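Next come two complexes built around subunit A: one with subunit B, the other with subunit C.
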Partner chain A sequence: MARPPRRRRHVPWAYLFIAPAVLALAGTFAYPLIEVVRFSFYSGSLGDLVFVGTANYQGLWEDPVFLTSLLNNLKLLATVPIMTVLALAIALILNAQVAGWRQYRAIVFLPYILPATAIGLVFGYLLEEDGVLNRELRALHLGVLARDWLGSATNVVPTIGSVIIWQQLGFGIVVFAAALLAVPRELVEAARIDGATGWQVQRLILIPQIRRVIEFFMVLEAITILSAIFTYVFVLTKGGPAEASSIIEYYVFENGFENGAIGIASAAVVVLLGLASILIGAYLRLRARAAEAG
Partner chain B sequence: MRRLPVVVLQQLLLIGLSLISLYPLWFVMQTALKSRQAYMADPTGLPRAPTLENIIELFRAMPFGRWTLNSLAVVVVAVLAATLIASFAAYAIAFGRFAGRRLFFNLNIALMALPPIALVVPLFTVMVQAGLINTLPSVMLVYTGLLIPFSVFFLVNFFRELPFELIEAATIDGASPARILLRIVMPLSVATMSTLVIVNAIWVWNELLFALVFLQDNSQRTLMAGLTLFQGRYSTDQPLVMAGAFLSILPLVALYLGSQSFFVRGMTAGIGK
Partner chain C sequence: MRTSADARNGRRRLRSGLPWLAAALAGAIAASAPGATLAAGNGDAYAGKLTYWFWGESDIPGINKWMQQRIAAYEKLHAQVQIDFVPQATDTLIGAFRLAAQSHQGPDIDTQWATLPTLTPYWEKAAVPISDYVPASETAQWVETSENTVDGKIIAVPIYLIGVPLVWNKQLFKRAGLDPDKAPATWSDFLADCAALKAHGITPFGMGNKDGYFGAWMFAIYLTQELDSLGQIESAIGDTGQFSMAQFGGLLRNLYTMMAELMQKGYLNPDVASLDLNQGWQLFPQKKAAMAFTTDGNVLAWGKAIGEANIGVAEPPRWGHGKLADVYDVTQSSDEFITSWAPDKAAAATFLAWLHTPDNLKALYAETGAFPADKRFPASAITDPLPRQLYQLDTAKQSVWLENYLPPQVDNDADLPAGELITSKSGTPDQAVEIWNRVIRKWRLEQVPAFHQYQAWAKSNG
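The block that comes next holds the complex of A and B.
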């Protein structure tokens, strides 16, 4: 990032230019964030709020549904390393310039742009008890593998994780493939001349060279898992069976809008913000390092 | 030769991956064209007697056309407003000087990663008080605000690549900052702006949470919120629900086939420099 030349001074036009954005951000982010923290200390419905101190927070720890939701978010974080390894392996194959690599890259990225709502509807039918997947498994005499993918408490969270991986894997592949393409050719060629095998080149040169991009991807995906997978759960399971697949976002939605428990919902938001701020901090640090490196 | 089996293996793997990526889309399409009876008899086979009855039924049973128009209206208003507001802010960050410039830029980056669910309860109460609940302006306003952080981040990164001499020369010629932005910088940024508009439009088109909570009046729903209602009412009519999903996906796939590089560049902008 180039430093701005010294000549430029504080001029009023800059303040005018940022004013609409500052107003919009204050209304969309600042005010709601202050309110949600305030709500978390109150009970009752809007217009009839009663101060209850930290009772909502104590309530969270005593509510098995909240604990399940929190645990499910943490379980789903396992998709991050899985996606990273898969995406990296596939990007390395594409990077070997196999025939048709551009077309493959375009195909695997396609799911990433689609609405999670539609994806959820489709996978809901594919994964029904009597859905396409189980029917095909039985037709292939693999009926032992057929499961109630979405309707059983033990399978549902891994199933949701798999749908998320299906949609987001292409993002990782494209990001890693682009980073690999930017690794200087001389580095790879020099290693080859020194007698490195293909696997050694990948392990010792390519992967370390794109390490920062890998870190970025992992942090961004972790943020997504913690804070932006409501649609999958809402469309695939509505948190069921019996809250077994609830996540924090869904818990907030249910308490805030179905049960009218604004205070509980807000306390859950504050806990979520606490967890998210760790990841946002990591993301900001990565950004700062990337900017320094130019 | 040891190479050949490796190549075959790689191709098999990539073909398998492509099939997994595409199959659900194929399933949506072929199911949408089947009658319910045909689907029950054979959910995976090709539609023997393709029918448009599901598509017609969508528009008859529910205000599907209205939902689509609602989504389009929300996309156009929120994306235009956010792009314009973010352009001015990004220009000030890239070329202006003001107290807290770096802090303001970093704030935008941090807000990109903020969980939207954190905002939904307080914003709902604001919209109720403002009398905007169940109206499209409620989501237009919120989407505009939510799009700004990424838009600012994306545009600042691009503006910083522009030659500073250009801005300087225009300033010396007496052009005001607003004029430089609108007449010089914007025309130079057509590709970047298009990328930003596409990414933002897709985000708005796909958004469910706020639409679901803010728009509960049937005629005011967006397409995604409408689709979830469909699912609840017609869950055992797979072809009908898949027809709805198909129509919601179609414009995105068409756009993607036409301008793939815009998508890739825009949607991967959060990573790297």
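The block that comes next holds the complex of A and C.
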């Protein structure tokens, strides 16, 4: 006869033990979040707030600069699959342990540890209309490819996207390379014994084995693109020309810090938070389904 | 004046760039120890600390050092007073003070750019008028106080003056077959000179607008020329009825059409949109552009780079047809005011007034080359021809820097992007005007108290 499960005793004072952690979490996460949401319904500055209901949200949708910023964030999300594919391809090559692969891995990781301000300065110089890149293109009789990379509304967002890929790629490579190293060698060897080609090993064994790492990387990068690329825009273009490269973070900075319009800035933060939450939710759901599928 | 600093609403004020002639002029005037007759105030009895948030280095390279020397001298004279000097960054000048004002903590004396950035803290009760603490006999000596006067009170004390002349390279003019000693005085003269220079393969006008400051300067210099009075822009932005947004928009459209034509004719450097103001300025001393607008300080530095004899300076060519077409674009740029929470405002005022003692004014010019904003500064102290010419330009006419009359949000979100739209060829003059309309509407809705204060100020100015 099976023993009945032991009933857990309810010990009210146990809550005392977790109270400090709960308070710390509430203070550091919940309170700021609640305040941001609250501010989004007010106008004016901190000392002189006026309740305006949902006017700030309405204002966002009527503000072409906000819509441009949102659109630019979405356009820049296109960098995520590009950098994932590139990082994966390079990680697979390194995983084949070509001569000097450890050194290559260190080299490709270098851009990731450079401060974005330094990257902004360097790329700002390289990508001027009369900068190094265009001068080289002209010297190679490829002047037709020369562009005003940062000064033209048409080119500026793809250019910023390219700089982001350049920097973030190293992180992807290192993450994927580490995951590939953790794939059991027996799997690869068994596949080879069964006659699998190198491409088949990569496509059917290695990539599926690190699928969760790839998913994690993609979600992480998508969140980064939505909420952590302010520095690139600030140092490369300051949102210009004519706000053409503004992103939501920059919009928040301009309105909140420079204009002191805390309400509209908070409303933009709430929208940003919503977008990031959707991504995180999608990722968690994906993980849950994968877990259910075994 | 707002100049580049690029920091986007991070403001950008008239920045003189380059190390301006401190060395060149050092010999011109004997640096004198600050002697010290206190100008006014009853703050002598104060014993304690004054925190001074100062900005000026990007306008006047070397001014931080000058200010630190003055503070040291003042502390020697007033052993019981300690002044904490805290240099401020251009990008955060407005935002940092806004935060300080919310908590009433931070500086006892603060620096802001002239007019709206200074009047706004006063309206928000974060600043007190300096004229309440300094006698009129003293303030009467300060120049450009009209930029910061409201309700008959002077809010802040000016330190220096900055003008923005047209400069031209005489050698390049000569190479293009132009009279090297003749500045283009009218717009048609200017266009004709540009055409001749371009025909000889010379970039006529070299500037940078990646940060929006060239556009802001064009607004400050040329929209002024279209106005009959400053009341027109104040009325349009403050919606007081005398001058409508539609009328203002018409003037803006003319301005941006003119800029678009300069772009289209190739009279501006082709990389104007990818260089910021400072980078664009480098084209002139590198002899890659024949003309530019720049600050007095840069003119003097460039004079050293390519020879003073090769540089001509004059007022910008006349383009507009308003009654203000004959003013000159000069301003105090930044100014100093006392915060409403300063423990002893009289002590702060005494120090600020002391900065205008003759010895300190001379030292400012000797050590930085900046022209002091004070009538007591003797023009005879300027002995070299080029600075004399600049000083004459700065002081001969009514001075206006129109950008000062824009609320910071409008300056940042409309003035800068609208010009960028034109120089990046990504929009039309009508679209540039629409940016102004949208941003002014947004500012009125988002900053209701500030809008009402602006409106009242505009009405009181008539």
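The working rule: the second predicted complex is superposed on the first by the 249 of 294 C-alpha atoms of A that agree within 3 Å, B and C clash if a C-alpha of one lies under 4 Å from a C-alpha of the other, contacts with A are read in each partner's own complex, and residues count from 1 in each chain.
Assume a contact is a pair of C-beta atoms (placed from the backbone, for glycine too) under 8 Å apart; a residue touches a chain by one contact, two chains touch by 3 or more.
These figures come from a predicted structure and were not determined experimentally.
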Touching partner for A:W61 - first (subunit B), second (subunit C), both, neither: neither
Partner chain in contact with A:L121 - subunit B first, subunit C second, else both or neither: first
Touching partner for A:L46 - first (subunit B), second (subunit C), both, neither: both
First (subunit B), second (subunit C), both or neither touched by A:G240: second
Touched partner set for A:F257, first subunit B, second subunit C, both or neither: both
Partner chain(s) touched by A:A153 [first = subunit B, second = subunit C, both, neither]: second
Which of subunit B and subunit C A:E129 touches, first, second, both or neither: second
Footprint overlap on subunit A, comparing subunit B with subunit C: 46, 131, 257
Footprint of subunit A on subunit C - complex, ascending: 6-10, 92, 94-95, 98, 101-102, 124, 210-212, 270-275, 279, 408-409, 412-413, 416-418, 420-421, 423-427, 435, 438, 442-443, 445-449
Residues on subunit A engaged by subunit B in the complex (per definition of touch): 1-2, 4-5, 8-11, 13-15, 17-18, 20-22, 24-25, 27-29, 31-33, 35-36, 39, 46, 90, 93-94, 96, 98-100, 104, 106-119, 121-126, 131-132, 135-136, 166, 170-171, 174-175, 178-179, 212-213, 216-217, 220, 223, 226-228, 230-231, 234-235, 248-249, 252-253, 256-257, 262, 265-266, 269, 272-273, 276, 279-280, 283-284, 287, 290-291, 293-294
Parts of subunit A lying in touch with subunit C, wherever the complex brings them together: 43-48, 50, 55, 59, 63-65, 127-131, 148-154, 237-244, 254-255, 257-261, 263-264
Touching residues (chain side subunit B, partner subunit A) in the complex: 7, 10-11, 13-14, 17-18, 20-22, 24-25, 27-28, 31, 43-44, 85-86, 88-89, 91-93, 95-99, 101, 104, 106-111, 113-126, 128, 141-142, 144-146, 148-149, 152, 160, 164, 176-178, 202, 205-206, 208-209, 212-213, 224, 227-228, 231, 238, 241-242, 244-245, 248-249, 252-253, 256, 260, 263-264, 267-268, 270-273
